[in-house]
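Below are structures written as structure tokens.
Same chain, two partners: chain A is paired with chain B first, then with chain C.
Presenting the complex of A and B:
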């Protein structure tokens, strides 16, 4: 790291930096040696930072007009949409921003799965990322409750009732979460409070996530350890900043496309009906980003079993670095794992699709097959493939196979020795 | 007993008592912060509701709100009662006799929380494979006694505490 060597040029800068080394930090961030072969799948970290800041800024503004009360919340959201200057724009950015946030985070997670970024020495980065993901789901769920529409109310009812599956204390926990005997005004006010809190917790975890990243440095598409700085690296600024900025621009075009041309396409029209505790909508579905887990929940014909599997589907990711036994990180050099990776992607997409469908007939069968395969992938396939797979030769450095002009990795190491 | 062991014991006592007092203090501070989320006095005050049932025809039902939850009051016909009672207990995932779910001598009145015991949705009446209720959320079927027959719900729909104040009035809670 460059903190030690960095000395500000101006006298005032030096005076300040000796007391609070912010300038050293800035210098570290600009010079931070980054693998020169990072592809566009690596731009989603920056995109996610943008998403978080967008949600925080639009959220703070919305909270100036929103009223967290069961009798007033629904009307206050309509007030934002109709009366508040640009209220419609800010709310549509916030509600679609949540979807964009999850779109980006799923790409970010699958990138890590493909290139083995979760493996040693980056386990803590991975676990911090999963904690961010869990908090994102909590924030998104509570945010969805705030407009107090039918989907808000019944989504909240179904999700909080998940806790009633816990033996003995389940009902007390549910009542405690509600602050009432059903989802009611006390539930709404506490969800608003926590919805405001969680993004700042996420921000704190993001700092730790980046800090932990800057210890070993970025993984890269080849997945090998590299010397830093060396001919394999480029400084973060301007090389990565400009690439991230370009990717962000493309991402914002898609984002704006939703906000301006299809702001409600990812939502449910039922949520424009005010919450009614007497009538459940005919078809309750969570937001799209939770559908795979919802499919897992419904695939089990037992209440507690379904809840355990649903949470298990997320918590199994925490031990992923220890389930994957392969010493080679990148799927580029893992011909068998590469195929299972894509099957997993398809499996999660199928689960997402059946999660949106009624839990009956062929959909139930698909959900069960998909659920079994999901767990099979992590518990059986990953450890076994890691042992049996004959990996392809891994290059000694990022530059070598490129600079030597040969595509056959003539300078490459044999198999996976010394990784 | 050697010297160093004796020393450690005195210090251990100080550590242990300090940690214990600290933990008790911390617990005493945390508990109010946790308990404030439980239902408050205003919520608890809404605990009873009186319902006029004189207008309900046999075979019909009404739904009232009690503690924020719907309560079904169904006046069952003789055929419906007979059908509910003709089921053998072995067929039930949560075995309960229909007689245990109604008040003695008031067999036609089924009063229960209209809340699916799976994840809390409101089941639809006169629907499902057992002519009772059907929950649209995750497909639980209930019979004419509100007992779970098929689907993910683990228990029969709950019977709240209620009483007949007079022939035409039921007090729930």
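Presenting the complex of A and C:
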């Protein structure tokens, strides 16, 4: 990242900038050299920032009207829906916003997996991203508890009970988490407090995530380093900002489609029944974005084993940069890995599907096969393929990927042209 | 490859939808409701008739605690006139207080009051109905898989039990109810209510009207949501066209043959 020292033009600007270099930062952000061959899969970083801010803003407004009390929470949500001006809009943006946030983050993560964005020198960006993802799941789970419907209550019961699988101290930990001897009012109030806190922790991590990104700079579809900044890159503004804005608008159209025309399709109808500790729903299912992990949890007959595998499924991603042995980043030039990438995508989709189904018969078999394959992919396939795979010729630079005979050159070119 | 990716996006969304649709009872009857679809609106006359059915039939057991009488006159709902709403509200005895002496008292209802519940609490409601609590109807349509179709189907789904099925006292057979057993008797019969607008009060008509009313009660914002949604999406589409053209122009400065 070679850039010239920024000097403000005005005297006042220079005075201020010498004391707090905010103007230098702004200049860095606008001039930030970005690979010019980024495709639309790279627009999800901006989309995710939008999602986070949307959740924070709508959440702050909702918290002004919501009452965190076991007897009043459900009624206060109906109050928001009926009596608060545009309360229905704010709540539907917030509840669907969580789903859109996860949709975007999954695309963002799989983009990283496809183009090898997690590899050296971007391991810290990847790990910070995973921490954000973990916090997102915690925030989403606690947020789902707040309306105090049936799925809120029973989802909270199932998830908090997972901690009781820890040997010796498990039961004490669960009671400590609940603040009571079952999921009850103290659980609701602490979940509300944490649900309000976590987004700001995420915001802090997002700043670090972007900071870490700005050290090596963006990866790109061909996965090679920038050779000639003047030829290979464009300044972030206006080139990337306008492209991100366009992608964001398309994303917002889908988002608005859900909010205005199918606001409850991603939720569970049972959550419009007030929580009742005496009545257990027929099937307790988490929100769609947690289903693959739920499938992994239930695929193991032993509770502790299930919990370990479920958390393992996330934590294995933390060591992914060191499990992948390939020197080539982008799957565009990795014919074998490319196949396994798509198999992993299908595997996760299958796990998500069986996560919503009862854990019996064919679904249980599928969940077990899917779980085994998931771990196999990271522990065996990735390291082995990295060694054995014969990768295709990688272009010399972004701006001149001239290597005749390369089967994927046309594709790399197509990616460029799409800009 | 691009098509392949697209295919996966579609597959992903289909998977999401299918997982949420897992069914375990027979599918409810599909009714062509006027409030479905992008520009769906409630049938005003049906809403008013539906309120009549609710009030005369359902309300003796089912509460609707999150609605206020004023809602009946608001745009997008049954849109009773101000006088009608006042008259409806005044027909209910509302417990208020405590007064200056510390006593609770009753007074005629006002439009700002919440719907008066038939029972003082859930336990009383359950005790009076053979142990089964008649669910509050404010969000019932949203709280049942299948929504309006399901509610309508249950209302018209009463049948004699098939041979081999024995029912306890106070339990009825219903084709569409989960588990087929329901504690609510078949309360609708032809001509049960007398509609002010002269519509013939068949079971099917009453079931449709009251389901329409319950759908509005669960989503009183539906009409304004649909209207706003169309405007928002049109705006976003226009804006994205403009931004797309700007993007083309800006990117044309970069050497096109990368």
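Here is the rule we use: the second predicted complex is superposed on the first by the 395 of 419 C-alpha atoms of A that agree within 3 Å, B and C clash if a C-alpha of one lies under 4 Å from a C-alpha of the other, contacts with A are read in each partner's own complex, and residues count from 1 in each chain.
FYI, a residue touches a chain if its C-beta (ideal position, glycine included) is under 8 Å from a C-beta of that chain, and two chains touch if they have at least 3 such contacts.
Quick caveat, the model's predicted, so the values are computed rather than measured.
Superposition model on chain A: chain B and chain C are shown accommodated side by side without a clash. Shared-chain residue A:359: touches chain B; no touch with chain C. When the two structures are aligned on the shared chain, A:69 is found in touch with neither chain B nor chain C.
Here the apex is the CA centre of chain A, and the angle it makes with the centres of chain B and chain C after alignment on chain A is 70°, in steps of 10.
Set against each other, chain B and chain C differ in how many residues of chain A they touch, and the higher count belongs to C. When the shared chain is aligned, chain B comes close enough to touch A:183, but chain C does not.
Of the two partner chains, neither chain B nor chain C is touched by A:327.
In the superposition on chain A, contact of A:89 is made with chain C only, not with chain B.
Our summary of the superposed model lists a minimum C-alpha distance of 12 Å between chain B and chain C. Counting contacts by the rule stated earlier, residues 282 of chain A appear in both its interface with chain B and its interface with chain C. Those residues of chain B lying in contact with chain A across their complex are 34, 37-40, 43, 63, 65, 67-70, 115, 118-122, 135-139, 151-154.
For chain C in complex with chain A, the residues that touch the partner chain are 1-2, 4, 8, 11-12, 15-20, 22, 24, 38, 65-67, 71, 135, 138-139, 142-145, 147, 178, 218, 220-221, 225-226, 228-230, 232-233, 236-237, 239-240, 243-244, 246-247, 250-251, 254-255, 258. Chain A meets chain C in the complex at residues 36-37, 75, 78-79, 81-82, 88-89, 92, 231, 234, 238-239, 242-243, 245-246, 249-250, 252-253, 256-257, 259-261, 263-266, 268-270, 272-273, 282, 288, 291, 342, 345, 349, 352-353, 355-357, 398-399, 411, 413-414, 416-417, 419.
The residues of chain A lying in touch with chain B in their complex are 154, 157-158, 160-162, 164, 175-184, 186, 190, 277-284, 298, 300-304, 306, 358-360.
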